[in-house]
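What follows are several structures.
Each of the two complexes below includes subunit A, the first together with subunit B, the second together with subunit C.
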Partner chain A sequence: MKSTAKNIYTALIFLFLYAPIATLMVLSFNASKTRSKWGGFTFKWYSSLFRNDEILEALGNTLLIAFVSALVATVIGTIACVAMNSMKRRSRTVLMGITNIPMLNAEIVTGISLMLLFISMGLRFGLGTILLSHITFNIPYVILSIMPRMKQLNPSTYEAALDLGASHTTAFFKVVFPDLLPGILSGFLMAFTMSLDDFIITHFTKGAGIDTLSTKIYTEVKKGIKPEMYALSTLIFVTVLILLLLVNMAPAKKFRDVSERRKS
Partner chain B sequence: MEKELIQLIDISKSFDGQMVLDDLNLNIHENEFVTLLGPSGCGKTTTLRILGGFTSPDSGRIIFDGTDITNIPPNRRQLNTVFQKYALFTHMTIAENIAFGLKIKKKSKSYIEDKIRYALKLVNLEDYGNRMPGSLSGGQQQRIAIARAIVNEPKVLLLDEPLGALDLKLRQEMQYELIRMKNELGITFVYVTHDQEEALTMSDTIVVMNQGYIQQIGSPESIYNEPENAFVADFIGDSNIIPATMIEDKLVNILGTRFACVDTGFGRNKPVDVVIRPEDVNLVAPDQGAIQGVVTHLIFKGVHYEMEVMAAGFEWLVHSTTLFPVGKEVGIQVDPFNIQIMNKPESEDEEAVAIDI
Partner chain C sequence: MTSKNKWLSTPYVLWSVMFIIIPLGMIFYYGLTDKTGAFTLDNITAIATAEHAKALWLSLLLSLISTLICFLLAYPLAMILSNMKVNQHSFIILIFILPMWMNFLLRTLAWQTLLEKSGVINSVLNLLHLPNINIINTPYAIILGMVYNFLPFMVLPLYNVLSKIDENVLDASKDLGAGNVYTFVRIILPLSIPGIISGITMVFVPALTTFVISTLLGGSKILLIGNVIEQEFTQASNWHLGSGLSIVLMIFIILNMIASAVFDKDGEGATL
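After this line comes the complex of A and B, so read on.
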């Protein structure tokens, strides 16, 4: 009895959480143009979506920005973690706090302040400014995902590698880097996801003449919602979902390794 | 004695203004098993890290086989380290771990394979080459760490409390294993521990350290039987350390009673400390003893009984296979050669530190 009630409660929560997205997904396959009527199942919105050059260009921009910004942020974040790890505890804690602030900061504030900074620097708004801002807000996520791995590292392994004749570079890439790799990968995926679905910061830093998917959808919606947008939103949701699953599976595997070790 | 291999000359090191090593001088010989023994913070690990090249001394020189290696980085020193927490590379197999140093030195494939086989045989883990470090027990991981170090044919193996994380039984087994490996390899071992039993069991030479100073260097026997000061006496095994007065050569006044002893050269009527090991205190009938007392505590320890006897205002620790019940009146008698006379500590650094075990 008790467990039935519990299950119903859980089901209700999930219903409220996912009903809007489910509606969107269902409508993206609706052959009728009106929202109120089911006109049969169709893929036509998806195919017309992929014939729309503007949307395809926005998709290309989005993927390019997500990939490049995630890559650059991952490199910078990894180097930052290595440096922070060799600091004294107090300066490390202070620095960790400072890197965490942008994540908690309201996106609109980050967006406007980046825009003002770029204006005062005299930068021309476009792909470059979007990339810069995405790299900026991605770095904290990368650090957040690598730092726990870093702390788990046995500091002696690096010294052991030196002791066995390795140079500092070899010791880092052969011994420290492989241990950090799961954290680095999940940091990259997290940054990729964050960049992929960002709207506000992009909106303030993009300038005219360039659009990502999210800003494109925003302009389209102002003109009136077309069913292609349902299809596009569904695709974005599924992509982000897959990426998030990947991010969460990396640490899960790590814990399994640890528990296996405990058992043996 | 074999020829000198390592000389540490006037080594000093401080961290954040705190002196860890103060003008340390130490010579290590070829094929010697040297143990640096002391409580935590005594500077023993720092000494080892300076030898390995992971910490550089503020002043002083390290001479290795005739050359000054003070400024040589760890990857170019002919010594290898076995770390406290094994420090195996968890993403590599056991064989890859052992091959790590050899691959960097660009040895041939067949040479590396031979070496892996030899090293695994030496540490009694022949079939473990393809396993991952995570699937091995602590004791096995420690053996692999040793194997990984010795395949590089170092002249000296540095071991930083390698048995610290193992349970008692395994620790004792590994002590014998280490002695066997050292004899088989014929190289110098420099071993760091805070465990006096480990030090006594394995070493040729024990270096007792406290607060950055060497307190005594000697064979296990001499360290145990003839401690030079109260710190050493207290740190190595249990002991009764009693303030006393040296009346003249071979005669000492302990707690108001005259005892014959064998030490000379302390002068007349000089205040000293005497060390009497608990197993050297003989309990006899009250009228046969030099001092009379009453048994106040009794614990069965397996091999012997541990008793405390209140006599002449001092609580004597006594180990004996004969039981004397609590409340029993006994006499205390000590053979002259079992009374070790020590100078009173001249500085705070030599002061005995209470060790709770």
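After this line comes the complex of A and C, so read on.
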């Protein structure tokens, strides 16, 4: 009885979380152009999607920005973690405090603060300013996912590598890096996701003439969303779902096995 | 590790000064000056004008209600999830992050389709001969949108702390004669405080400052403080006023940060 209640409760919450997603998927097959009427089943939005240059361009921008910003953030974040680990306690606390600012601050404040910065620097708004902003808000996610692993590291292994004649660089890449890798990968993935889903900060830092999927959707809100957008987001969602299921089943298990073996 | 590593922090330190500290300084500069560049507090005190005060008050009210609802929904859920098998940890986090891969504007817009007068939910209610709900373009729809968007940010920190509680502690409590309710109040709840604080921060701040959810679900008539600020920057182009109002907004964010620093010293509740 009790567990039935628990299951129903969990199911209701997931219904709440996934109902809009199901709605969007259904709408992507809706022959009627308005979202409030069902006009029969169709695949036509999926085919016209690939002829819609505007949407494809926005998709390209979104993916490019997400990939580049996540990559740069991962590199800077990883180096910062290594550096912070050997810092004095106080300077580390200060730097971690600064790291937390973009995460705790409101996105609208981060967005307008960067906009004011870029204007005063005289930068031309476009891909570059979006990238700088996305890297900025992505770095904290990378650092926060690597730091816990950094703390678990055993410094003796690194010293042992040095004693055995390895250079600092070799010792880092052979000993420290593999232990950090799961954190680095999840940090990258987190950053990529955050960048992909961002609207607010992009809204303030993009300038005219360039659109990501989010900003394109926002401008379409008043005129009505093009059904191709539903088709595209359904495709993205299903692709990610399949990829994540595959990834989650294979290497995640391997990492866990490895870390468990290390512990024992 | 060696002290040589210290220099490795240079790129990140430079980056955070350039793109975190200086931009915040810019907001204070614009917020505390007028168009001629002279010092003024007018942009800050502008919050007291009827229109702005009303927007701030509504934002505070709606975001507090949403935070409370998120907490009440998430706590039981996090308890249920944390009692599940341990090896499902990454899967549980995954199902909460997965929706983010569908654009959040579209997901929020989908609630229009669900909530409309002749929308999906009302059609279902009609079939069941239940009274219809008409909350689209009202503050209730905004609350729903906030709860929907930010619920995962409440569930994950709670799930994180709850799944770390040692079962032996709970067993010990029961062995010593405590009932379920007593164990919950004296053991589980205090141990989960870091998660609660972190969850509240992660829901309250974005809810307080949103302008998107109110635009998408509240029609265009309901103005939250986020809408007012956004308009100052994109339409009215009064950056000084927009910055001044942002400073007011930041006071609430800082209060929230202080609260989380006091209660969550080791950042235990921080997820993601």
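Details
Everything below uses one rule, namely that the second predicted complex is superposed on the first by the 225 of 264 C-alpha atoms of A that agree within 3 Å, B and C clash if a C-alpha of one lies under 4 Å from a C-alpha of the other, contacts with A are read in each partner's own complex, and residues count from 1 in each chain.
Just so it is clear, a contact is a pair of C-beta atoms (placed from the backbone, for glycine too) under 8 Å apart; a residue touches a chain by one contact, two chains touch by 3 or more.
Every value quoted in this text rests on a predicted model; they were computed, and no experiment measured them.
Superposition model on subunit A: subunit B and subunit C are shown accommodated side by side without a clash. For subunit A, the partner that touches more of its residues is C, with subunit B and subunit C as the two candidates. After overlaying the two complexes on the shared chain, residue contacts for A:F204 are found with subunit C alone; subunit B is out of touch. Shared-chain residue A:T10: touches subunit C; no touch with subunit B. Once the two complexes are laid over each other on the shared chain, residue contacts for A:T170 go to subunit B alone; subunit C is not touched. Once the two complexes are laid over each other on the shared chain, residue contacts for A:L246 go to neither subunit B nor subunit C. After superposing the two complexes on their shared chain, the closest approach between C-alpha atoms of subunit B and subunit C is 9 Å. Across the two superposed structures, the residue set of subunit A contacted by subunit B and also by subunit C is empty. The part of subunit C that touches subunit A in the complex is made up of residues 1-13, 15-16, 19-24, 26-27, 30, 73, 76-77, 80-81, 87, 90-91, 94-114, 116, 118-120, 148, 151-152, 201, 205-206, 208-212, 215-216, 226, 229-230, 233, 239, 242-243, 246, 249-250, 253, 256-257, 260, 270, 272. If you check the complex, the residues on subunit A that touch subunit B are 154, 156-157, 159-167, 170, 174-175, 178-179, 257, 260-261, 264. Interface of subunit B with subunit A (complex): residues 52-54, 73-76, 80-81, 83-91, 100-101, 104-105, 134-137, 145, 148-149, 152. Partner subunit C is touched in their complex by these residues of subunit A: 6, 9-10, 13-14, 16-21, 23-24, 27, 35-36, 76-77, 79-80, 82-87, 95, 98-102, 104-110, 112-117, 120, 132-133, 135-136, 139, 141, 144-145, 155, 158, 168, 190, 193, 196-197, 199-200, 204, 213-214, 217-218, 221, 225, 229-230, 233, 236-237, 240-241, 244, 248, 252, 256.
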